[in-house]
Each structure stands twice: as structure tokens, then as C-alpha cells.
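Structures follow.
Next come two complexes built around chain A: one with chain B, the other with chain C.
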Partner chain A sequence: MLSYAAEVGKDEGFNPPDAGDFNLPPFIEGNEFATKPILLVFLSVILISIFFILASRKAALVPSKLQFAGESVYSFVRNDLGREVIGHEFMRFVPYLFTLFTFILVNNVFGIVPMLQFPTMSRISFPYVLAAFTFFIFHYVGIRKQGFLKYMKEIMFLPGIPKPAYILITPLELATYFLVRPLTLSLRLFANMFAGHLLLLVFILGGEHLLQGVIGLKLISPFAFAIGIALTFFEFMVQCLQAYIFTLLTALYIAGALADEH
Partner chain B sequence: MRSIELAAEELNPLIPHTAEIIVGFIAFSLLYLVLRRAVVPRFEKAFAERTDAIQGGMERAEKAQIEAEAALKQYKVQLQDARGEAASIREEARAQGAAIIEEMRVKAQEEATRIAASAQAAIESERQAALTSLRNEVGTLATQLASKIVGEALDDQVRQSRIVDRFLEDLEKSK
Partner chain C sequence: MKDKEEGKVRNMEGTLNLVGFGLAAIGPGIATGLIFAAYINGVARQPEARSVLQPIAFLGFALAEALALFGLVLAFVL
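Then we have the complex of A and B:
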């Protein structure tokens, strides 16, 4: 990260971390696919697959510790996010919600895992992809369930509102369903991860920089590191919370599309 | 080294990268397929089996409870029977005891009556004997007294008894 700052030729003093620190150059020159975030995404897919295949392999009546751990995550998504929110048709969407939750969670937590230390979701491309999936799924579900015209009518014309109000409400509703929802979904996740990582960089790189200064600055440096460590715990909470929120909102949107009346 | 324009574009964190979008799409789809094929059905199977086991256990417990209740009922009925039987036995014993006492009492009464009767008979015969011997002795004494007074020797047994009889008859007549 510092090397990048050097690369773009900033001056010798302390360069506060900025958006440029999230642009990690490919380690194979000119290969856009050979970057840290992309490797991390594949690593997350491998880790999640291995963990859950091992955990579910025996599917025993009395679970082992591993199976219990896997089941806890699965049944949390299945029951608290799927069944509670979507209702009786929830089972169709459990695999998607489960994938969404574990994928976001692991990629977020990468932000504080030693050696990896980069939250993949701070690269906007990935939240965009996930929000697009959710966007297409909940619209598809709604159209399948109610038919295209009825679905559009339900979105545009809320029942129980005086007719002139539709001039105001209808564009708002359309914007909500087709613009605001996917955008907020992806931006919320991205911004949280981006800002969280930036915060950690400020305190840890700052602490490092203070350590190279005069004796007075050296004494301040431990405080910067301490705050960095405290923020790491805070970040872990945010990372879990964001995975939960993204999945919860997806479930809510699907539930809304399935419901006959909003 | 990147070109300046590329670097500037990359500094805007809201602009997605084609490579990352492709990778994100493929990686996520891949994970979805793996979890859907290999993980979700197995967890669901385990859940279903567990539910089954719990339900089976509950049914068994219910059955056992019903059996226990039936047994309890049976025991209660048996206890009631036993209590009734004990009471009737006690009643019978009491009645028998009373009958025995009554019988004994009657027997004792009879015995007492019998003893009293025999004692009376004995007394009667004693009295008779005493009367007889008294009569003899009184006769002798009276005769001796009379012979002394009369001066007539009345040694003869026959005569003596005739005189005594006559004397006694006179006594009875004078009564």
C-alpha cells in the first residue's frame, strides 16, 4: 500500500491513506485478474465450500462440533432470515440467502484476518454483482407470482391513496424499486467496508509513521496502535452486521414481491 | 506503470472493474451451486431426521405415560378392593368374637346352674342324713331319759323303736 503511494509519486512525509490504497496493482504485470481482491474472492469460495461440505458430510442426528458450527450458521439464515421473513415459501430461497450471507461474511472478515487484511467488499464491483443478483431475483419472483402487469401496477399504484397523490407517489415508488433498492444495498455494504478499512489504515499506518518520528511522536504511537486494535474489534462487528443486513434486506424484498399486497 | 487517466479513474471507488465483475459473478454462482447441491440438502436431511427422532420420542413418551396412568388406575382399584376385603374380614371377626363370647357366657351360666343344683342336692342329702342320725340319737337319748324317769328298762330294740315312733308321731300331731 505504501509502495503504491510511492508509485504515484507523493511526497516523502505522511500520506494519509485514500481511495488509491484500495487499488492494489496486479502482481502479474498487465493481468487484470491477478489482483488481491480477486484471489480473496476465490479463496472465500474455496474456504466456505470446504467448511460446509465437511460440516454437512455426515449429517448425523447427533452433530459433531464441526457439524454443529455449520448447522448453527445454516439454521440462523434458514430460520431467522428465511422462514421468519419470507414465510411458507422460504425454502426455495434458502440456498441463495445462505450463499449470500456466508459469501459476504467471509469476504468482509478477510478485512481483519492477519496476512489477508483486505475486505473484498470494499471493491464496489462485488457489491454491485450481489445487489444485481438480489435485484433480478426479487423482481423475477414478483413477476412470476403476480404477472408482469399486476406486479407493475402494485408497485406504481399503492392502494388507499387519493388519485392526485399518484403524481408524486408513483415516480417515487418506481425509483425505490428499480434504483434505490439495488443502489443502497450495494453502496451500504461497500461504504461500510471501505470506510472501516480506511479507518484501520489511518490508525495503523499513522502509528507506524509516528514511530519513525522524534521521541515525542514515538510516545504517541502506541495510542494509535491501541485505537487501531480497538477498531479492529469494532470492524468485526460491522462486518458481521453488514452481511446480516444485506441478507435480511434481500429476504425482505423477496417477501415483499411474494406478498399479494404491500 | 499505469497511464495517468487509468490511475485517475481507479481513484474513484464507485466505478466497477470488468474483471472483478466477471470474477464476482462466477465465484458467487459457483459457491451458490456448491452450497445448493452439496450442503443445503444434507443439512435439511439432518434436520428432518432430528425432527423425526424428537417426534418419535415424544410419541413414545406419550404412550408410556398412558400405560403408567392405566397401571395407576388398576392399582387404585386393587387397593380399593383390598381395603373393602380387609374391612369385611374385620367385621366378620368382630361378629365371630361376639358369638364366641355369647356362647361362653351361656355355657358358664349352665355350669353355674348345674353346680348350684348339685350343691343343693348334696346339702339336701346331708340334711337328710343328719336328720336320720339325729332322730336315732335323739330317740336313744330320749329313751334313756324316759327309762330313767319311768324306771322301766326298755332295752329291747323293737320296743324301743316303737316307743320312739309313737313319741315322734305324738310330736308331729301336736304341731
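Then we have the complex of A and C:
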């Protein structure tokens, strides 16, 4: 499978980018694990490890620039996401939140790094796995803290509601906790990265296609490229925001599971 | 569509899903606007409440935006 366009046999005209553009062929023929997203995941882990090992080595009271950069990322996650949201038990969860934040952030930003330019999270399997981690962690924390029956009771029966209303509320609450939360968590990240990459593809590929047209179209193509560049910066904002939101929601779910009363 | 000059039937290709997505994005668009309007209002009235309001605003934004993105996903899936 060379590319989606070749497979469907589209004609010479402009083929707008679609979901098929995300199916990158493997590097090694027949080895379906040797694909770009997998490579990017490994690269991100290596980059994050190197950065934070370098930043935390030779830690001094008066920090170097690198140490300062590493520490500001850490303190952002610890204070703004951990302490503010989870409360007094937050230190247990900071390693997970911090890993999640940096991992998603670096993998998202790969979408606009020249030569790489593919957000790993635009392949839905990666957000699924991350959301599954969060899903199991916040339920585990809740069950550990309150016991299985009490935890389920707290999910299913909100206090202060007339009894007959439980017929409606209980299924909704169950669906929220076990279906909607993990699904929205993963789909939000996936869809943002997917849509953003598609948007960039439309303008960059469109500009490139206009360049091959008549002279009038050639004159227009710089505008398409300019919008593509502007959207690249917009994408950077969205990528940081999504990493933040994923971690924030994880922290909120954990805080909800830890809370004694709703 | 009828082409009057040649009398041939021309086909329109494509999918209506994307029109549906456009319609589905109206609601979350308005919702996002309302959320940030409230956030800006709150910060303008009480600047020191910014750090309290920010996570709430982004949470609301994320929840509203998720609806639009489900529309996008379904536009491609269906």
C-alpha cells in the first residue's frame, strides 16, 4: 500500500487530504511495528529522559538555565495540576501526572517539528492507552480509599436527590464514570491532533498544488503557505493546551475518586 | 443537477457528513464563546481570582470542545 490516493485511484486534480493520509506505510516491508508513530514514541521517551537527566544532574541552589527550565515544568505540574486540584494527598500522583504531561506534550509538538511533523497522538491507539491508564488509576484509587461497595454506592447514588430520580440518574452516572470519561479523554486528544494535522495538510498541500497551476494560481499560493505557517503557531498553542487538559482532567478524576463526599 | 445546454445529468460527489459537522460545530462554538466570556468577565471584575478561574474555564472549554470533535470524528467514520 503506497498511499491512499494511489489505492483508490484518484485522478490528477487536487486530492484534498483525508483520513488515509494518516496511514503511513511501515519502513521495513511487512513489519507493521516499524512505523513512524512508533518511532516517534521511542524518540519522545529518549528526548524527555535526556532532557530531565541533564536538567537534574548537578542540581544547584542557584540553578543553571537548563535546571531552571526543567524545574519550571515540574513545578507547573506539581503546583498547578497536583496541589491545586488533588489537594493534600497530591504527592503520590505527581510522578504519573508529570510523565503524562511531558509525554503528551512532546508527542504533540512533534506535529510541528520540521522533518518529523507527525503528531503521534493522531493515531488513536496511543490516546486509548493513555486514557486506559487514567481510567484504571482513578478507579483503583477510589476503590482503595473507600472500598468497592462504598465507592460504587457513591458513584451510583448521589446524595440529596429524591428516590424516584435514581432511575434516571444512576444509569447516567454509571455511563459517565465507565464509558464517557475514558472515551472523551482519548477522543479529545486524538481529534484535536487529527484535526490540526489535517488543517496543516490542507493549506500546505493546497499551496503546493497551486504552485503547479497557471501564473495566477502561482501568485495565490504564497497566501496559502502564509496561512499554513500562521496555523502552525496556532497548532503549537493547541498542542500545549491539549497536554494540559489531559493532565488536568486526569487530576480532576483522581481528586473526585479521593473525595469522601460529592 | 440538470445542465441545460447539453442536457446531461451531472453528478455531485462528496459527503454530506461534513455539512452535518459544520452544523454540529455551531453549538460548541457558541458554548466556547460563552465560557471564555464568563472567564474574562470574572477576571476583569476580580483579577486575583484568575488562578482559581483558569482551570475551570479550560475544563469547560475542553468539555464543550469535545462535542465538536466528536462531530469531526463521526464525520470521518460514518
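One rule holds for everything that comes next: the second predicted complex is superposed on the first by the 255 of 262 C-alpha atoms of A that agree within 3 Å, B and C clash if a C-alpha of one lies under 4 Å from a C-alpha of the other, contacts with A are read in each partner's own complex, and residues count from 1 in each chain.
We adopt the following convention: a residue touches a chain if its C-beta (ideal position, glycine included) is under 8 Å from a C-beta of that chain, and two chains touch if they have at least 3 such contacts.
Keep in mind the model is a prediction, meaning the values are calculated, not measured.
J.: Answer with clash or fit: chain B and chain C placed together on chain A by superposition.
T.: Result for chain B and chain C: fit.
J.: Could you say whether A:L199 touches chain B, chain C, both of them, or neither, answering first, second, both or neither?
T.: neither
J.: Taking C-alpha centres, what angle do chain B and chain C open up at chain A, rounded to the nearest 10 degrees?
T.: 100
J.: Is A:A59 touching the first partner chain B, the second partner chain C, both, or neither of them?
T.: Once the two structures are laid over each other on A, A:A59 reaches chain B alone.
J.: Touching A:T99, do we find chain B (first), chain C (second), both, or neither?
T.: Touch status of A:T99: first partner only.
J.: Looking at the overlay, does A:I48 come into contact with chain B only (first), chain C only (second), both, or neither?
T.: Touch status of A:I48: first partner only.
J.: Answer with first, second, both or neither: which of chain B and chain C does A:Y128 touch in the superposed model?
T.: Touch partner of A:Y128: chain B, not chain C.
J.: According to the stated criteria, A:E84 is in contact with first (chain B), second (chain C), both, or neither; which is it?
T.: In the superposition, A:E84 contacts chain C only.
J.: Tell me which partner A:G70 touches in the superposition: chain B (first), chain C (second), both or neither.
T.: Once the two structures are laid over each other on A, A:G70 reaches chain B alone.
J.: I'd like to know which partner A:A255 touches here: chain B for first, chain C for second, both or neither.
T.: The answer is neither, since A:A255 touches no partner chain.
J.: Using the superposition on chain A described above, determine whether A:A19 touches chain B (first), chain C (second), both, or neither.
T.: The answer is both, since A:A19 touches chain B and chain C.
J.: Would you give the minimum C-alpha distance from chain B to chain C, in Å, for the three-chain superposition?
T.: It is 6 Å, taken between the nearest C-alpha atoms.
J.: Which parts of chain A are touched by chain B and by chain C alike?
T.: Chain A residues touching both partners: 18-19, 190, 194.
J.: Inside the complex, what are the residues of chain C that reach chain A?
T.: Within the complex, chain C touches chain A at residues 51, 55, 58-59, 62-63, 65-66, 69-70, 72-73, 76.
J.: For the complex, give me every residue of chain A touching chain C.
T.: By the definition above, chain A touches chain C via 18-19, 80, 84-85, 184, 187-188, 190-192, 194-195, 241, 244-245, 248-249, 252.
J.: What does chain A use to touch chain B in their complex?
T.: Chain A residues touching chain B: 7-8, 18-20, 22-23, 25, 32-33, 35, 37-38, 41-42, 44-45, 48-49, 52-53, 55-57, 59-61, 63, 67, 70-71, 74-75, 78, 94-96, 98-99, 102-103, 122-126, 128-130, 133, 190, 194.
J.: Could you please specify the touching residues of chain B with respect to chain A in the complex?
T.: 1-2, 7, 10-21, 23-25, 27-28, 30-32, 34-36, 38-40, 42-43, 45-47, 49-50, 53
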